[in-house]
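The chains carry the letters A, B, C, D, E and F, assigned in the order they are written, with residues numbered from 1 in each.
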Amino acid sequence: MLILTALGALGGLTVVLALLLIIANKKLQVVEDPRIDIVEDMLPHANCGACGYPGCRPFAEALVHGDALPGKCTVSSDEGRQNIASFLGVDVGAQEKMVARLACGGGINVARNRARYQGLQSCEAASLVSGGGKECFWGCLGLGDCVDACDFDAIHLDAFHLPRVSEDKCTACGDCVVACPKDLLSLHPVSHRLWINCKNLEAGDEILEECRVACTACGRCAMDAPDKLITMKENLPVIDYSRYIDTTKPIERCPTGAIVYLDPKKGKVSGPKARPVIRKGARTEAPT
Amino acid sequence: MLFDLLKKNPTFRHGIHPPQFKEDTRDKPIRHFPFAPVMIIPLAQHIGKPSVPVVSEGQEVTRGQLLARADGFVSVPMHAPASGVIKKIGRVPSISGKMVPGIFLEPFPGSSQEVLEGKPVKVETSTPEEIINAIQNAGIVGLGGAAFPTHVKLKIPEGKHADTLIINGAECEPYLTTDHRVMLEQAPDIIQGVRYLLKATGATRAIIGIESNKPDAAVNLRNHLPPDLPLSVQVVEVKYPQGAEKMLITAILDREVPSGGLPIDVHTVVVNVATTAEIGRLLPHGRGIQERVITITGPGIKKKGNYWIPIGTPLRYILEQAGAEEDIDRVFMGGPMMGTAVSSLDIPITKGTSGIVAFREEEARKKDVKIYPCIHCGACVDACPLFLNPSKLGILAKFKDYHTMASDYNLMDCFECGSCTYVCPSHIPLVQYFRISKLVLRNEKAKAPHV
Amino acid sequence: MFKKTLHIGTSPHIIGGSSTDQIMRNVVFALLPVAAFAVYTFGLSALLLLITALASCLLTEYFLNRWIGKSSPLSDWSVTITGLLYGLTLPPHLPLWMVFVGGVIAVALGKFIFGGLGYNVFNPALVGRAFIQAAFPVAITTWMAPFLPDRFSHIPGSTLTLPFLKPVYDITSGATPLSLMKFEHHTTDTYNLLMGMTSGSTGETSALLILLGGLYLIARKMMNWRIPVALLGTVYLISTVLHWSNPDIYPGGLFMLFSGGLMLGAVFMATDMVASPITPLGATVYGIIIGIMIYVIRVWGGLPEGVMYAILFGNAVSPHIDNFIRPRVYGTGKQWSKS
Amino acid sequence: MESKPKGKLAGFFHFPQGDGLSTDEFIKGLWRENPVLVQVLGMCPTLAVTNSAINAMAMGLATLFVLVMSNILVSSLRNVIPKQVRIATYILIIATFVTVADYVIQAISLDVHKALGAFIPLIVVNCIILGRAEAFASKNGVWASFMDGLGMGVGFTFALLLLGFIREILGSGSLFGISLFADSFQDWVIMILPSGGFFALAGWLLLFNGLKLRKKQAQPEQTREEVLI
Amino acid sequence: MTVDTIQPEKKEVGSFKMFQAMVGIGIICALAIVVTYQTTLPVITKNKAEALEKAIYKVLPGAQTRKNFQWDGQKFSEADPSDHSLKDVIYTGLDANGAMVGIAIEAKGQGFQDAIQVLYGFDPEKQAIIGFYVLDSRETPGLGDKIASDAAFQENFKALTARLDESGKKLEHDIQTVKHGTKSKPWEIDAITGATISSKAVGNILNHSAQYWAPIIKAHIDELRTH
Amino acid sequence: MKTESLWFIFLNASLINNFVLAYFLGICPFLGVSGKLSTAFRMGMAVIFVMLISSMAAYGIHAFLIWVDAPFLQLISYIVVIASTVQLVEMFIKRFSPSLFKALGIFLPLITTNCAILGLALFQTNKGYNFIESFVFALGAGIGFTLALVLMAGLREKLDFAEVPVIAKGVALTLLVGGILSLTFMGFAGLGG
């Protein structure tokens, strides 16, 4: 008897439930490409936005819909990109690894401060107060907004309060580029190794008073560069990276070291004519 | 006593009472200042497009001669502050720390104070347009500090009208006494200026608002009031930032300028007294502005006082002439509440400079105190004249949540008066946070269409 | 000729008003008479208790902040207030080891965990007390009679109980005015309440000194007067009206005001700005909410006293008060369009 | 994941190659993926019944039982149950085993049953069980699912006991009902109150966080050659 | 670009299959539950009855057996001891000779945290409460839960007067809880220190229950005896 | 016998024995969905709604099981019926009020398999509440749940802008706040007793 009641009651319930679910199944099916989930899983979940999409999921959608290629994701490993590409049966869309580069060499050992800034310790804040008190208006303030902005621990301030970007860790997400109030950082392919390390628009030897490694707009690098690789614009040399030639010729005669070659092993190499960078009697305190 | 309480001077709600420090200079008559060996004249001394030089290097110019013409409507011309030679047209140092386009002028030794005159503009015979053009040609900008071209403000937009002209004589900044002295010494010019302004704007009445700590100025102006002019003097409470135009309009007219709006939205035009006096002084002679009244004061100055200083005089020269102490540590252009600290003494004063305040180290150190976290004491909330919540804004800014600040807490309304920072017991640099936040948001907005 | 590199910074270049450490120091000053009177009333045990409470809070704050590398953690004086207030809300002969435990909890759990000064969402002193009340409910509801003749020569046995052991009581116990009211329907004379002639927590008995301290802080603009006024006003109003409707059940307004921890709580604890709303209207609403809740717990609830719970509850709703009660920003809303 | 089974019951007695795998299924639930301490699942029973070690133990075992049984049944029926009615059937299965557990405990000890109150039936809605059925058992073989359920269940019991120990020792001065200290011990009543549950669990989590942080600090990331710019 | 190596799984499951699976599993479940229920039922029933009996004998010292009576508003009738769904049941306790020792009554009311459920023994002869047992409470351990264990508190219920007044409709004196150490009347309960609230709750519960039952029992005492 | 008054049932379920803070029911959403005030509030509303529905459903089932004399099916049928009823309601709302669905609907599936809902059904049965009492009980429990959730959300939103030490970030902090809230709610004990 008990068994019958039980079977009846529970059987009835399950029948109702089953019917309900069947109806639900028929009426409300959501169609979403299951590959999106899979691709999203294959992405690094950094949600950094370097791919140009607001996050990994939207990028995954774009990948699946064929609107983007896996190579756009700079955070993923080569293998990871390859996996996604072969899963979706598309090209990797190989993109050369990009890194952020700083266009200033004016650490506290070589660049002078005109005034001492007091207040919130951020470049953004300091740059609003008379440009930050650095004698060179264009120079790095060394308060590390770019460091804070980096989610990948790829930027650190060195002993002279200049940011250094680790080529390994940098994912080219562009956060530091946005963060810098002086627009000193930009994204470049790693293979671009000839680099103008200054943004000062002034010309003449007087500006060496402000900063020992400033570009005086003497123009020698432009003269020496093969194939008109470098032209002078607004008192600064400009490298035409669209026809980039890997050469160290232009740095040879630079008197200040404002143009450098970024050697993968040795780091920043300036020409033999550039004077040694430690200035005697330079103030060593931080530009606060 | 009860009676006194009842007829309290009108004012706005909230605000602060910083010490005034005006005693040192308010009784010092305005005196003329010698010409510096070299004058530095930036081409953008106003908000808007920089002016365009019409002189060339090596050219000799007379005081008051046009140096650069206005470039469009939101721009004003520059006039020579002294007779001399144009040394160079290039980049000059500026208060922003940046080198900006400008002119170096070397006055002739012993050059006279005589000023070149132009075509007079009479109130009675000119149309409002003519007056507005004349104001632009005179190179007049707001002398209250913002340096906004005055003629732009006077040009009432289509579909709006002005019924009241408020002359801002509040001068609520501590230390500064320029407007005070102007009201005492240049009452006829002010009256004349009001006539021009009334005609230009079409307003039917004008009110001069003066803080109650300048009773002599109020009396002086009242004595000069001509019977034929719908002009009156209104004394308002001493309170910072009474001089902000929104606060003055609220105090005098009990109107509120809508958020994101301008005084003209409540049918009002606000002009600073010194600006008014300058209009009244220059237009009848067709001159251009070449000097302005500046208070030089502060604990770091020995010869405190009010001076007519030619525009373009370098700061270093002014300080030397005014006998600044050797150990000055901070120098501000403008008052201590709203003014800008200068990073170099090689920059010139401009049309917008209403005062120079120099602090020695002791005063300066008072600001350099330990910052605590916000303790929600509410002092800032009780101080903000715009009824914002600086505490919340500050916390949001610290965590870089700029969008919430703008969307939920009216960040963009903040006019950076600094009242909140002044009262904060935790010494949080609130205004600095807000400046950054606003800048970031504006930059974002500027970039938005490209993304 | 000018010797120095100039300093630059943003406006305003002058600052006024008192600083945070100054405010905190003054609160300590305002509390000192209360503490002194407590020692006078309850003798050595109260003195030891206050010292232990202070020490536990200060030590916890010091070591925890050192641990995460903050410099000079005690310089803002706030934890001194926490320690003092925490001690003042405990019964005078509570075992010192319990006092110590609560002090550690107050600072570690009530303050440090949230980020320290300025970030705590609850009143740290009350978190400590609430913990102790829940952990050792018997010990914390056992009271000592005031003005015992041997209070300066004899340390009660319970005070010196060894850690983790139950206290043993060897002195005359007293009943607080509130529990007399609640369980025996006996109301204490207002004059006695005012002058601190009753038993109760160490620092709550003298309403007069507390009020004076509060007035001092209000006069120096270091305290938001709206909170105590709204709070006390609410309690007084409700109790007066109900007392009038049925004096047998509902105690009178003055009794309610001056009994238990209400005065101390209203003046010194509800006013802790960190965990209370920031706007003037918000503060008033906050005071009213706490007032209502105190009344409800005291008169209809199970416990004789509810100040602590009411304030903690107020702390919990204060983010919402801040969210919903905001002053109209200048130039927004309908009002400006009138012109 | 394993290869596709051929017949309906093919996966039933499918033992994975080597024992290493299933040991791992077991171990991971104990620590690495501990449902309470790491995944923070099934909080209600965790907090509600851990005011004594006995209750924690009973609850843990009951959950373990249901977890293992439902994992076994779900994984063995995984090819029979259509995807659309998956959740519904899992709930049915779980509810059955919970009912069974409920009656068994009631038969063993009324006191324990009373102490656990409504929380035995509430095992039905413990997210861990449905979670494992859905995430693991529905995709894996019976043996692996069994090990997984066992691991998770033991891990759950372990976490409950951690809480139960500290709450009972401090709160009642006893362990498994056996008095540990002399009579004069002062109980910390808060530990057996609801708030004590929150605090105790938070305390454990803080401890583990602290350990994790210290581990991180102890072995700093390798310093890589940084390219100067 | 459109190479779909992995097709989204399109499982077209027939409705019948779903139905089949659900109902099938439902049936298995039902069977499992019924089997458990049937095997454990006797043990559980026995456990429960024992627990209740233990409580009854505790509040009615001397009782050896018990009888259940249900009150239907008019009269008492003997009830099936195994039927738990009945309401308004009281138990009479009989000694070895079959004489009635007293009546055990369940009562319930709000305590400090949650409802307290108690069983108390009522002696219709003495018109007094003669025993007290806490069936269920969620009072604070170490504090309120002493109402179940505190010896001094239990002492209150050896003989707690619950005498009816002349009208026979209500108690002559309300049962009342007083602060610890101040008990002076036989109808007062001496509270536990530190748990005054729970003690008061017990007093209230007993008072309410006695006010309700005492008159009924007095009027129908014969029905309870004769059966 | 005197039964509890409706007012008291309500107070008890919402404040004194708050489902979350005293009974530990529905801790998962309490920890999970209390991060944002707006979400917490909508979740609370959805819970109140589901509680009312499932309370009524449970009342019906209980009556039915008593009638067929199969109390052992209580648990399984509660869970099944509650789950399917809520799903039905969800479909219904989706069909007839998309805006309401947007506001509350997304929470519904989350709630169905939640301790608080099933706990409510079991408690009301254990306490032997009649239909009206069950309804009030469900309402009180739902409102109490919402209160706890909303208070928590407010505090957490505030704590989003606090310099919480790394060690306490995450669940631990939420639990600690929950503990203090639970302490606070002890102040309501004995109310109405």
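Just so it is clear, a residue touches a chain if its C-beta (ideal position, glycine included) is under 8 Å from a C-beta of that chain, and two chains touch if they have at least 3 such contacts.
All values reported here derive from a predicted model rather than from experimental measurement.
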Worksheet item: Given the touch definition stated above, what is the smallest step count connecting chain A to chain B?
Response: 1
Practice prompt. Spell out the chains that contact chain D while also contacting chain E.
Written response: A, C, F
Worksheet entry | Most distant chain from chain A by Cα centroid | E
Discussion item. Farthest chain from chain B, going by mean C-alpha coordinates, please.
Written reply: E
Discussion item. Could you work out how far the Cα centre of chain A sits from that of chain F, in whole Å?
Written reply: 48
Worksheet item: Could you state the distance in Å from the CA-based centre of chain A to that of chain D?
Response: 44
Practice prompt. For chain F, write out the residues touching at least two other chains, lowest number first.
Written response: 22, 72-73, 76, 80, 83-84, 163, 168, 173, 176, 180, 183, 186, 189-190, 192-193
Response to the item:
Among chain D residues, those touching two or more other chains are 84-85, 88, 92, 95-96, 99, 103, 189-190, 193, 195-196, 199
Worksheet entry | Multi-chain contact sites of chain B, meaning residues that touch two or more partners | 340-344, 367, 373, 429, 432, 435
Worksheet item: Which of the chains are touching one another, listed as pairs?
Response: A-B, A-C, A-D, A-E, A-F, B-C, B-F, C-D, C-E, C-F, D-E, D-F, E-F
Fill in: In the complex with chain C, residue positions of chain B that touch it
16, 18-19, 174, 246, 250, 253-261, 266-267, 316, 319-320, 324, 326-332, 334, 336-345, 357, 359, 361, 363-364, 366-367, 369-370, 372-379, 381-382, 385-389, 391-392, 410, 413, 416, 418, 421-427, 429, 431-432, 435
Worksheet item: Hey, which residues of chain C end up touching chain E in the complex?
Response: 137-138, 141-142, 179, 183-184, 302-303
Worksheet item: Which chain F residues qualify as touching chain D in the complex?
Response: 21-28, 31, 72, 75-76, 79-80, 83-84, 113-115, 117-119, 122-123, 126, 166-173, 175-176, 178-180, 182-183, 186
Discussion item. Using the touch definition from the top, list the residues of chain B that touch chain A in their complex.
Written reply: 91, 95-99, 340-344, 367-368, 429, 432-433, 435-436, 439-440
Item to complete: Would you pull the chain D residues touching chain E in the complex into a rising list?
Response: 51, 77, 80-85, 88-89, 92-93, 95-97, 99-100, 103-104, 106-107, 110, 114, 171-172, 187, 189, 192-193
